[in-house]
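Shared chain: chain A. Partners: chain B in the first complex, chain C in the second.
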Partner chain A sequence: MSTVAWITARGLLGRRRFLLLLPLPALLVALAVLCRGLGVAPANWGPPVLVGLGLAVVLPVVALIVGTGVLGAEIDDGTVVHVLTTPLPRWQIVLPKLAVAIGVSAATVAVPLFAAGLLASSARLGLALAVAAALGAVAYSALFVAASLLTRRPVLLGLVYVLIWEGLLSNVVTGTRVLSIQHYVIALADRLAPTELLDTTVSVTVAAVMTALISVGFALLAINRLRSFSVAGETS
Partner chain B sequence: MTTISNPAPPAVNTSTLDLVGVSRWYGNVVAVNDVSMSLGPGVTGLLGPNGAGKTTLLHMMAGFLAPSRGTVTLDGGPTWRNPEVYRRLGLVSEREAVHSFLTAYEFVLATAKLHKLPDPQAAARRAIALVELEGAQDRRIGTYSKGMRQRARVAAALVHDPQVLLLDEPFNGMDPRQRLHMMGLLHSLGDAGRTILFSSHILEEVEQVSGTVQVMVAGRLAASGDFRTIRRLMTNRPHVFAIRSTDDRALAVALMAEPSVTGVELSRDGLTVRAGDYGAFTRVLPKVALARGVRVRQLIPEDESLESVFSYLVEA
Partner chain C sequence: MPEPTGVIHDIGYQRYTGPRLGRRQVFGALYLHGVRTVFGLGRSAKAKIFPWLVVGIVVMVAAAVTAISSQIGQRVMTYAQFADSMSWLVIFFVAVAAPELVSRDLRSGVLPLYFSRPLPRADYPLAKLLALATGLWLLLGAPQLVMFFGAAFTSDGMGAVWDELLDLLPGLLYAGLWAGIFASVGLLVAALTGKRAFAAGGIVAVFLMTTPIVGTLTILPSETVNQLAGLASPSTLVQGIGIWAMRDQIVTSLDGGGPDLGPFGPVYALAAVALIAACVALLLARYRKVAAR
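== the complex of A and B ==
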């Protein structure tokens, strides 16, 4: 494990805000268990819980907290300077941090989604949701790590994307779905385990290509931005 | 601007940091204005009041800020967008941010590994010994005092034995003993041929550590060279006093006869006296007043702020 990844993981898991990650996945599993236990038909609870909560809220919010935590938090408190005053090529700083973000987000989201999918339909749906969410975590993480370098308020920018763009606009203006990671994840999950519970809006090809493009594009952007990292001006 | 030439020792396996016509502005605000300097082996103090642009200049030197104009180079290579310079350059920034969840040893060791040093453990132990932090090296940095945190940061900046070390206000938050130790450390690094630059807004700190000084005022390089020469310029500048007494006119006449006084201005609000020699004037004033039977009601030295001392240098 690279030193950058080691410091990042310790910083991320050691911060108190990491605990913020736990309630949402727990809620997802709890709701699924409750619905299943009460005998509600999966067609009724599946879409709101799996998509409405799982893919539309838990996945992006977890990815946002983690993605802005791996680099944005260090920029915020200034500790990033210690990593930057080394001759490491900047990609060797961005990629390990991105890998930690993806790993932590994917693990945090995939497990509860698998459980919820299993309860709603089958192990196959659970697995499909988990895999699709992990792929989504790659794209979201690249986006939010890059956001940490584009603005001093990456969490705000990320929330605007998740809540306004994905949550609001893509339900009203259908064209925006082509630029919505959430819709890629739904399409990918539906391709892996075709089901009535998921309502796809973009083609699998678009979803796969766009997920890859966003992941690679924002990772490259982040590397390039880190090369020109400036510390904020004098405050005194 | 005052420039005093400073004979540099012959360079052997040393590094030189060169600034040529460096300016940096933020929108309409000019933080650093056309600064040129060349830093070679030894300890140099970067002196100036708060807000003079010292930190901005240091950040440009360390490659954390692009100059708006001009060039900053370390041994000929730019410091901006060039991580390779960190093989020869170390930085201790003013913000005391450290990974507080690590112990000092873990922190310095991690830095050694990031530098890909051949024997990171040995390098980390050596750096921690340099700052005398062995006793606390296995405690989390979060539990340290400000001065100890500062030393942990210095150890991390020194772990790869850089030719150039830049420190922004390194003595802030240190107790006198830690300060003395840090001064000794900087001295010995400078004597060993390292190029050390530290910033400070406290005259006495610079006086104790460095022979060479660069003075910044309002974004400009106001003076550079040997500290003693600059200190003499600072002490020999005219001092201004505001005086109110029972008989301002009589006092003015008497003071004009004193050689330490270079000018007297009489107004409705009292006297404004310019003295060439601070010590002589303050000794002679009570005697003169006593001899003339004048009672001095108020004596206020004007213009004693560090800012005015520095800005005097700009005009000198």
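== the complex of A and C ==
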């Protein structure tokens, strides 16, 4: 484990505010247990809990907070200079940070999703959801790490994507689902464990190819942006 | 020992003898500055991007709705329904504006400067809250005004315009309700952290995670729980009050539609009052003791 990854993980997990991320996954499991316990049919509670909460809210929001936290927070308070002045190639800075972001958000999201999927139908659905969410975490993290190098307000840019593009637009204009990570994750999970609970219009091939493209593309973009990164004071 | 030769020169220092403005003016200045901050006025172009993006989308939707309804000759959505359909944008707007209002002051440690003025503790958060609520109300009210003018100029006769006005007023009231609830919850979350990024993420997380709770509660096998489900999320709470107090403005489809509240309409109103009161109380408690840094 490289030093950069170690520092990043400590900066992310060593703070009290990391605990603020836990209510989201806990809520996911709690709702699943509640529905299961009261004997509601999985066909009824599956879509709102698994997709509506798990894949549409918990995954992007956790990935957003973690993904912009690994690099954006350092840029925000100026300590990124200490890392940049070391004789490390830029990819050795970006990739460990990206790996930490992926690891943390995948672990935070995949575990509760596995539990919820298990309660909804079977261990297979749980595994499928966990694997798909982990793949989604890779794509989201790459996107948000790149966003924190493209703009000084990465969280807001990420929120525009999550809220307006994925939340608002892809429900109204179904064509935009081709460019929505949320629907890739749904398509992948549905392919791994075909059930009635998951429903999307994106094909599996498109989902797999686009997830890979987004992950690699935005990671390269982030490395490239860090190469010509200029340190500036806090702008208004 | 030589005599000291230093002289104290009168270089013209003067005491301020003009009028000293009091608490009201401080509050007013803080409020006005807050409203300007919400929309990024008086700030760089970068600070204006996100607020005006939301304003632009909302006004464009209103203009589109007006154009469509004047073409087909009947109302597409009522003024109150407009506020409901914009809920995601309202959440985003709160996530943009609330951290700008309070998190920046916490982060740069300027609160001691504020409180060294004749400004009671409670006034600072209240002025910020009022500013955010005003901003949200303008965000939801301005498009309704666009829709009103569109409808007023295409309708025939003063009677029709008067009817439109009677529809607009509850819509504006409803927008005020949205503004009050979302501003108090959002500002409370933002006041917890000095980092704007975390504040924005936290606000969105709080608002978004509550909506699926409602979705789950409405399918539980208990009618009472189903009817009370809307209490779990701010946006459905507002909607519930709307359905209780002005049903004809929210529900327009003939087959009923909208969530069923049963006899619990007043509970929704009480819950909203309690929510705002709790948020304001917690906000005041937050600012009772603030570290300088």
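The definition used in the following text is that the second predicted complex is superposed on the first by the 231 of 236 C-alpha atoms of A that agree within 3 Å, B and C clash if a C-alpha of one lies under 4 Å from a C-alpha of the other, contacts with A are read in each partner's own complex, and residues count from 1 in each chain.
Rule of thumb we're sticking to: a residue touches a chain if its C-beta (ideal position, glycine included) is under 8 Å from a C-beta of that chain, and two chains touch if they have at least 3 such contacts.
Just so you know, these numbers come straight off a predicted model, no measurement behind them.
**Q** Quick one: chain B and chain C on chain A, clash or fit?
**A** Fit: chain B and chain C sit side by side once superposed on chain A.
**Q** Can you tell me whether chain B or chain C touches more residues on chain A?
**A** C
**Q** With the two complexes superposed on chain A, say which partner A:Ser228 touches: chain B (first), chain C (second), both, or neither.
**A** first
**Q** So, does A:Leu198 touch the first partner chain B, the second partner chain C, both, or neither?
**A** In the superposed model, A:Leu198 contacts neither chain B nor chain C.
**Q** Now for A:Pro89: first (chain B), second (chain C), both, or neither, which partner does it touch?
**A** A:Pro89: touches chain B, not chain C.
**Q** For A:Val109, select first, second, both or neither according to whether it touches chain B, chain C, the two together, or no partner.
**A** Neither partner.
**Q** Is A:Val131 in contact with chain B, with chain C, with both, or with neither (first, second, both, neither)?
**A** Once the two structures are laid over each other on A, A:Val131 reaches no partner at all.
**Q** A:Leu20 in the overlay: touching chain B, chain C, both, or neither? Say first, second, both or neither.
**A** second
**Q** Just the number, please: smallest Cα separation between chain B and chain C in the overlaid arrangement, in Å.
**A** 6
**Q** Show which residues of chain A both chain B and chain C reach, each in its own complex.
**A** 236
**Q** Hey, which residues of chain A end up touching chain B in the complex?
**A** 3-4, 6-7, 10-11, 14, 77-79, 81-90, 227-231, 233-234, 236
**Q** Applying the document's contact rule, which stretches of chain B touch chain A when the two form their complex?
**A** Within the complex, chain B touches chain A at residues 26, 31, 50-51, 53, 55-56, 59, 62, 64-66, 81, 83-87, 89-91, 93, 95, 97-99, 101-102, 107, 110-111, 113-116, 153, 156-157.
**Q** Inside the complex, what are the residues of chain C that reach chain A?
**A** My answer: residues 43-44, 46-47, 50, 53, 57, 88-89, 91-92, 95-96, 193, 195-198, 200-202, 204-205, 208-209, 211-213, 215-216, 219-221.
**Q** Quick one: in the complex, what on chain A touches chain C?
**A** Touching chain C: residues 17, 20, 23-24, 27, 31, 34-35, 38-40, 44-45, 48-49, 52-53, 57-58, 61, 64-65, 68-69, 72-73, 76, 152-156, 159-160, 162-164, 167-168, 235-236 of chain A.
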